[in-house]
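Have a look at the structure below before the remarks.
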Amino acid sequence: MKFGVLINEGPYQHQASDTAYKFIEAAIEEGHEIFRVFFYHDGVNNGTRLATPPQDDRHIPNRWTELAEKHDLDLVLCVAAAQRRGMVDEDEMKRNSKDANNIAGKFRISGLGQLIEAGIQADRMITFGD
Amino acid sequence: MEDQELESGIVKKFIYVNRKAPHGTIYAHEALEVVLIAAAFEQDVSLAFIDDGVYQLKKGQNTDGIATKNFTKTFGALEMYDVEKLYVEKESLEERGLSEDDLSVDVEVLASSDLKKLFNESEVFFNF
Amino acid sequence: MLHTINKSPFEKDSLKTCLRYAEKGSSVLFIEDAVYACTKGTIFEKQISDNHANISFYVLGPDLEARGLDNSNLTNNIEIIDYKGFVKLVADNEKTQNWL
Amino acid sequence: MKFGVLINEGPYQHQASDTAYKFIEAAIEEGHEIFRVFFYHDGVNNGTRLATPPQDDRHIPNRWTELAEKHDLDLVLCVAAAQRRGMVDEDEMKRNSKDANNIAGKFRISGLGQLIEAGIQADRMITFGD
Amino acid sequence: MLHTINKSPFEKDSLKTCLRYAEKGSSVLFIEDAVYACTKGTIFEKQISDNHANISFYVLGPDLEARGLDNSNLTNNIEIIDYKGFVKLVADNEKTQNWL
Amino acid sequence: MEDQELESGIVKKFIYVNRKAPHGTIYAHEALEVVLIAAAFEQDVSLAFIDDGVYQLKKGQNTDGIATKNFTKTFGALEMYDVEKLYVEKESLEERGLSEDDLSVDVEVLASSDLKKLFNESEVFFNF
């Protein structure tokens, strides 16, 4: 079955991203397909490559990257939400004349249409948030 | 390819369930941005306002004093986007001492027992 | 002592706890989504009127206006203040407890 | 009178940062001193220089920067909270071997001791959060 | 239909609204801080027992353990599941309403 | 210079008011980090646990299954930092069907009427 997942909170502050991670891991183990993981609201902050959490804690952005590499997940940050919050890839950096970018390699920035498409294409949509 | 699939005519019943007050958090504001984008996808769209979500539609909101963006004006423009099915839960309105006259746009006020039927007919849920 | 609340009382339970701690002579200020606690025709009307003999209630005007509310929507005995009034309350009270 | 201010939520997601801004602006107008503004939890995200919010909306990080320039405010991001969330200045970039930094000029990163010190030195502490 | 709740019922009012919408045959899953809704000796015990004839209640085990709770703390008629059980519930129900 | 001011002997009564459940959000975890750092400043420190904050002290928490850090073990180490005044609100405990035996550390259980007195004597409030 095809799942679409929406994550609405940033890393660490709320458990939403942790629960979504464990849910997706289990869904893949059960043979389901993850159509897309869409990060909205503060959820876009999961995509940073600049975090350095304490070594005895989980590294949330890296954990997403590793899961995406292993299972070819489509991790999408909403562009409007990302612009508000300072999540930037190379294209966005140029377009908005910024001097740095901070997105991790396996995430991409795209429009809200990607969320609607997930709603249309996936058999199931599930939201993790506050 | 995905565009072709969309054009191939899948139309689903989307429901946006809005349960949060405006301004104190961004959920209501960014939820409305989803609805506007979604309009271009020609899906069957309904908006439900439950709990504090009914406050999003309160008349006369003016955010000049808190220096944030007054996104609630956009509710008046939803019709232009062919988003016309707005449902407000009767229990939530009454609990807040509000009536339909207090709202800024045309809505259908439904008891939760009727809103439940709408839930049962819907296919894709977005919760904000 | 000043107490501030910033969450809708319909969504979160902070008002109940705040009123357990607000003593005679305390001030309670409603800001952000907590301004809904001051509106007529809700169950919170009674909680405020039961306490107004001992506690001074304030609401932040700019937050009221942002939410389409004004004096005509308010429960009795609530004073509308602006940000300067908020600053004055914090200065006039030796300490502030923010019920988040 | 000396005020210490603690901000616990990031920009846009919650009104906390907006209310704190208006409060501080009013406190300065009334002749009070702002001893320090300490950003904790997701509050550290207020310090990004990479945000590009819609032009018809307020620019929260820039607004903090301008207020700090005008009134010489001390804007401090908690280092532990910043590391978890990917808020990085030049020192942190080097220390943690990152390839970019994203902090705006008027913010600095420091330890939680700065918050305790504010509690000790300020006549009044006030918290804005969720 | 599956309903999920993730907030403590002491802090937020989602459970009340959820139970207004959960119909005969629905499933309700408690995750994250909502697992406290399943504990004995609280006012929520009755809300669950009043509904268990019509609604199936589930709680996410890992979230229970994280909070120092186990089967002995639970109200009757609540099934403990793991993340795979969570996935199965989402797959088995045509749609999911997340009460955030 | 600031260090000298500290050493010059200002001692204030700090109170940390903890009202949030652990794990669902980070507030409880990062609040505890403040308490540990604050211990070095040799101030007079009290911790109050009210509402869902009492859940932070529940015995036997094990976060292996949710793959987050179990910061609640640190409560057991507070004594080493000379943080010894932990107060739990009686009403909050009872409402949650909990008793002192359910808690992982030694605390003093106080009715809100007594906790109020502690509030009145405190000088600096941090709310989490």
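In order of appearance the chains are A, B, C, D, E and F, and numbering begins at 1 in each one.
To be clear about the criterion, a residue touches a chain if its C-beta (ideal position, glycine included) is under 8 Å from a C-beta of that chain, and two chains touch if they have at least 3 such contacts.
What you see is a predicted model, and the numbers here were worked out from it, not measured in a lab.
**Q** Check every other chain and keep only those touching both subunit A and subunit C; list them.
**A** B, D, E, F
**Q** For subunit B, which other chain has the most distant CA centre?
**A** Greatest centre separation from subunit B goes to chain F.
**Q** Per the definition at the top, count C-beta pairs in contact and tell me whether C-F or E-F has more.
**A** E-F
**Q** Taking CA centroids for every chain, report which one is farthest away from subunit E.
**A** In terms of C-alpha centroids, the chain at the greatest distance from subunit E is D.
**Q** Averaged over CA atoms, how far is the centre of subunit A from the centre of subunit E? Could you give it in whole Å?
**A** Result: the chain centres lie 26 Å from each other.
**Q** Counting only Cα atoms for the centres, state how far subunit C is from subunit E in Å.
**A** Those two chain centres are 33 Å apart.
**Q** Which integer distance in Å separates the CA centroid of subunit D from that of subunit E?
**A** Whole-Å distance between the two chain centres: 38.
**Q** So which stretches of subunit E touch two or more other chains?
**A** 6, 10-11, 13, 32-33, 62-63, 82, 95-96, 98, 100, in rising order.
**Q** Among the residues of subunit A, which are close enough to touch at least two other chains?
**A** Where subunit A meets two or more other chains at a single residue, that happens at 8, 12-13, 15, 19, 22, 41, 54, 57, 80, 125, 127, 129.
**Q** Which positions in subunit B are in touch with at least two other chains?
**A** If we look for residues of subunit B contacting two or more partner chains, we find 23-26, 51, 66, 68, 124-125, 127.
**Q** Dump the list of chain pairs that touch, please.
**A** Once each pair is checked, the touching ones are A-B, A-D, A-E, A-F, B-C, B-D, B-E, C-D, C-E, C-F, D-F, E-F.
**Q** Any idea which subunit A residues touch subunit D in the complex?
**A** 10-13, 41-42, 45, 48-54, 57, 61, 80, 83-88, 92, 96, 98, 100-102
**Q** Looking at the complex, which residues from subunit F come into contact with subunit D?
**A** 2, 5-6, 10, 12, 14, 26-27, 30, 33-34, 37-38, 40-41, 43, 124-127
**Q** Would you mind writing out the residues of subunit F in touch with subunit E in their complex?
**A** Checking each residue of subunit F against subunit E gives 20-25, 51-52, 55, 58-66, 68, 70, 72, 95-98, 104.
**Q** Spell out the part of subunit A that touches subunit B in their complex, as residue ranges.
**A** Interface residues on subunit A, with respect to subunit B: 6, 8, 40-41, 80-81, 111-113, 115-117, 119-121, 125, 127, 129.
**Q** Residues of subunit A touching subunit E in their complex?
**A** 1, 3, 8, 15-16, 19, 22-23, 25-27, 29-30, 32, 124-130
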